[in-house]
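Both complexes shown next keep chain A, but they swap its partner, so chain B is in the first and chain C is in the second.
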Partner chain A sequence: MSLISLRGIEKYYGTYHALRGIDLDIGAGEFFSLLGPSGCGKTTLLRVIAGFEGVSEGTVTISDRDMTRVPPNKRPTNMVFQSYAIFPHLTVAQNVAFGLRRRSDLNRQAKDTLVEEALDMVGLGGFGARASTALSGGQRQRVALARALVLRPKVLLLDEPLSALDKKMREQMQVELIRLQRQVGITFILVTHDQEEALVMSDRIAVMFDGKIAQLAEAEALYRRPVSRRVAEFIGVMNFLPATVADGVVDAQGLGKIVVEDLQSEATTDGETMVGFRPETATLLFPGQDSEGRVARGTVSEVVYYGDMTYYDVRLDGCERPVRISMRNVFGRPVLDIGAEARLAWSPGALTLFR
Partner chain B sequence: MLRTYVIAFLIFLYAPITLLPVFAFNSGTVIAFPLDGFTLEWFAALRTNRELHSALANSLTVAGTTAVISVLLGLMAARANVRYRFPAKAAAMGLVMIPLVLPEIIVATSLLVVVVQFFGWSLSLVTVVAAHVLICTPFAVAILNASFQSLDPALEEAAIDLGETRASTFRLVTLPLVMPGIIASLLICFTISLDEFIIAFFLTGSDTTLPVYIWSLLRFPKQLPIIMALGTLLVLASILILTLAEWNRRRGIARAGGSDSGGFL
Partner chain C sequence: MQQETTRGLTLIAPPLLYAVALMAGPLLAIVVFSFWTQDYLTIDRTLTLANYREALSDPIYRAILLRSLWISGLVTLITVALAFPVAYFVSFHVDPSKKSLWLFLITIPFWTSYLLRIFLWKVMLGFNGVLNSIFAYINIPLEALGNATGIAWLQEGLSAPLYSASAVVLTLSHAFAPFAILPIFVALEKIDRSLLEAARDLGETAVTTFLRVTLPLAAPGVVAALLIVFIPTVGDYVTPAQVGGPGGLMIANMIQTQFLGLNNAPMGATLAVLAMLVVTVIALATIWLARRLSGVRP
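What follows is the complex of A and B.
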């Protein structure tokens, strides 16, 4: 049984069609991400769930209750805002206790205990008396989390919560958010434009373009089996090669002929199309190495060295655009030079055929 | 050269004001050097002057009422301006702000015509307050606009998200955060209304305000030292109010965790 159920959500701003027919079910205890470029409607959808935006059409159901017309203060959802929205005139503890103000069933001592527990949970134990303006970005983020989680909402909504942090802090908070979500068991819905963030943290991801959900899948399935070229390009890097389909056989530029059944893709019609593969699914053969499988030939056109990895751009024979191959560096093995002859070992199973 | 200019400029600006206390304590009735001797006579005269007291009371009443009404109106206008989109917003806000640059003599004359000719009301402190609200509101709007603009809209949404109603959100979050702006605009409106002359002169009936009373004293040369004493007290009060306003503004910035930019002092 799903905790949140969205049916036929349409949202117009004047003539602008921001959300187009969104149907979505999110389960209890799930870490769910809405992923997409800016302007795709992901934040609008989150605000619809929170109740800050009304819908033009459709229904929002949370815990089997119709919440479509219920204001945000009456919904079992809490939000962590992109700007964190920490009240600057209140201390850390007063910020966290803000939502408990209306809980008449708790006495002051019980509230203080809850606040202290929430601060401990986000690693800010003992910070209660501090002025909220004296905190760093990461600490403000934690206060925002504690302030929402202390109310034990059914759903925690996170609007690009990590976008204001630097890279190191961001990676640390990603791990911490996963830990927190497992600890409290609350449904988390994360809005992000960062595909890596979504892949790392989520159980399931909805990729959105132009107000619509383009693909809804688990992280691995999303990466391995993107349903469209646009999704594939948005999630990680994918090489695309022009191809022709005829009588159940694909002829891909630079790779040669492949039987359609060997590819991972649904049935397709004859005609011009594209095949795609991820940089790490093909292997460059170094001098002395051989492959049992299929090998394509070409030349190395660019080398980008990353320390643990090297990215090679390889121009396959009979192919205009180079493909990108990522290789883990092995101690003692020299990196290939630009202009070197390249042999690319690949397997049809790693290829996706796009319509 | 520049240094000489600055010094000359400052002397031109402040020398007349520093003359006020000098002659306020001078025992001679003629405002001229050399000074005669030290006296507190003029300050004592201020204490016993009934007309002055009632003018001062009138002015304080008018200024206080004006400040409160202007700031309430300013709050609503500024919030609407910053938070909402509505038809003809630019035009509406422009019309609210125009009294800022309208010559006061125009405002005073037209209001006099409307009040006396159209409605046949008698002139009183109420008509003065109404006119002062008209010219003070734009100042309140300008100050409060800045306050609302620096207020993250997510703060109000966060309060609602945490279970508060719109009304309690305004009380718990919005009001405390724009309070420095409210206090600053109260002080400004109070000061503007307190020393406003043209409108007060046109629209007061039998109850005069302080500036109008001072103007009436000028016709009697013997009263000049008393004006000097009164002026001295007013200068002190102005400095006090300005210091208060600035202190309040800086405290507000520190409280919101921002860095200082601009201000009066």
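What follows is the complex of A and C.
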């Protein structure tokens, strides 16, 4: 049973069509991500769920109650804003206690306890009396989290919460958000433009382009089996090779002929198309090494050494554009030079055939 | 370093000399004068507190000073209370591209001389003025209205609303409106709109969001508006002289009378110093109170 149900959501700003027929079900306790480039409608969709934006058409159901016309203060959702929106005129504890004021069932002491617990949970125990203006970016983020979580919402909405933090802080907060979500067990909906963040944190990811959901899948499925070239390019790196399909056989430039059944996805029609593979799914053989599978030949055109990894650009024989290959620098494997002859071991199962 | 200092001093010398000659000098003279006394045609230059004693004990001076504070206090409250909705509307409900046009329109009254605006109010409020003509035409029971509200000029029926404390309040409130609107507008503009959404998200209604977030964050602007209106209106001289009548005279008019009418410059100086002290105390108290109420720590 789903906690949040969106049906036929359409949103217009004047003539601009921001959301185009969104149907989405999000389960209780799920860590769900809305991923897409800026302007794809992901934040608008989050604000529709929160109640800050009305819809032009469609319905929003949360816990079996129609919430389409319910204002944000009456919804069982709380939001962590991109700017954190910490009240500058209140202390840290007053910020966290802001939403508890309406809880007439709690006395002052019970509220103080809840605030203290919430601050402990986000690692800010003892910060209650501080002025909220004296906090660092990461601390403000934690206050925003505590302020929302103290109300025990059914859904926590996070609008690009990590985009303002530096890389190290961001990685630390990613882990912490996952831990928090498991601890409190409520549904998290995260909006992000960072594919890595979405892959690391989410149970399921909806990739959005132009106000539509392009693909909805678990992280691994999304990475391994993107439904379109656009999704594949947005999530990580993928090499594309032009190919022709005829009579159940694909002829891919630089790789040769492959039987369609061996590929990850099957094309339905004959004609010009593309095959794609991830940089880590093919292996560059070093001199003297052999492979029992299929091997394509070419020349190394670029080497980027990263310490633990080496990225190669390899121009396959018969191809115009080079493909990118990533190799882990395990002990004993030499790094090839630019211009060296390259033999690429690959397998049809790692290829994705696009329509 | 030496050279830098010399150059800096040279650069600020003209305005500094100007300020010393025309601000600090006269101010010092006023303070010195206030400790002297007038001895018929000559000034007795022995330092004494006699003027202060007289100013604080004579009921006339006290009454006029209190009336000044009362009138400008009322002007301040009315102006700020009316300015807030205007500033709020421009900040929150006017399309961002049209905000500067609105501010421009609000400041248009400033393009006319202050004196001309006072004369326009005289036309409005005079016995045969616009306001009275309207009252006479639609036959409003002014006496009854005046008795009910306690406003003096209404109780007298169709006597002119001009030449009363109410006329002073009305004229000053109109004149100082833009001064109050602008600082409040700036304070409202600075409020991060996501704070208001956060309050709604945390369960507050539109009204309680206003009370718990918008108002406290706008407090610095409101305090600035209060002071910007209060400080100059306490010492305003032209408006009470023109539209105040005997019941609307303020401390500045009394100071003028002392200096020029009664030839008692030391007493005028004493009243001026007292007025400045009272305004300073009230201004500081307002700032202190606002800091405490809005919870902003220094």
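By definition in this document, the second predicted complex is superposed on the first by the 352 of 355 C-alpha atoms of A that agree within 3 Å, B and C clash if a C-alpha of one lies under 4 Å from a C-alpha of the other, contacts with A are read in each partner's own complex, and residues count from 1 in each chain.
Criterion: a residue touches a chain if its C-beta (ideal position, glycine included) is under 8 Å from a C-beta of that chain, and two chains touch if they have at least 3 such contacts.
Just so it is clear, the structure is predicted and the values come from calculations on it, not from any experiment.
K.L.:
Clash or fit: what happens to chain B and chain C when chain A is overlaid?
P.N.:
Clash - chain B and chain C, as placed by superposing on chain A, overlap.
K.L.:
Quick check on the superposed pair: does A:Ser56 touch chain B, chain C, both, or neither? Answer first, second, both or neither.
P.N.:
A:Ser56: touches no partner chain.
K.L.:
Which partner does A:Asn78 contact after superposing on A: first (chain B), second (chain C), both, neither?
P.N.:
The answer is both, since A:Asn78 touches chain B and chain C.
K.L.:
Identify the partner contact of A:Phe98: answer first if only chain B is touched, second if only chain C is, both if each is, neither if none is.
P.N.:
both
K.L.:
For A:Leu151, using the defined touch cut-off, is the partner it touches chain B, chain C, both, or neither? Pick first, second, both or neither.
P.N.:
Both chain B and chain C are touched by A:Leu151.
K.L.:
In the overlaid three-chain picture, which partner chain does A:Gln183 touch, first (chain B) or second (chain C), both, or neither?
P.N.:
Touch status of A:Gln183: no partner.
K.L.:
After the superposition on A, what does A:Phe87 contact: first (chain B), second (chain C), both or neither?
P.N.:
In the superposition, A:Phe87 touches chain B and chain C alike.
K.L.:
Kindly list the residues of chain A that each of chain B and chain C touches, one partner per complex.
P.N.:
Residues 50, 52, 71-73, 77-79, 81-83, 85, 87-89, 98-99, 101-102, 147-148, 151 of chain A touch both chain B and chain C.
K.L.:
Which residues, counting only chain A, touch chain C once they are in their complex?
P.N.:
50, 52, 71-73, 77-79, 81-83, 85, 87-90, 98-99, 101-102, 131, 147-148, 151
K.L.:
Which residues of chain B touch chain A in their complex?
P.N.:
My answer: residues 152, 154-155, 157-165, 172-173, 176-177, 255-257.
K.L.:
Within their complex, state which residues of chain C touch chain A.
P.N.:
192, 194-195, 197-205, 212-213, 216-217, 294-297
K.L.:
Any idea which chain A residues touch chain B in the complex?
P.N.:
Against chain B, the touching part of chain A is residues 50, 52, 71-73, 77-79, 81-83, 85, 87-89, 98-99, 101-102, 133-134, 147-148, 151.
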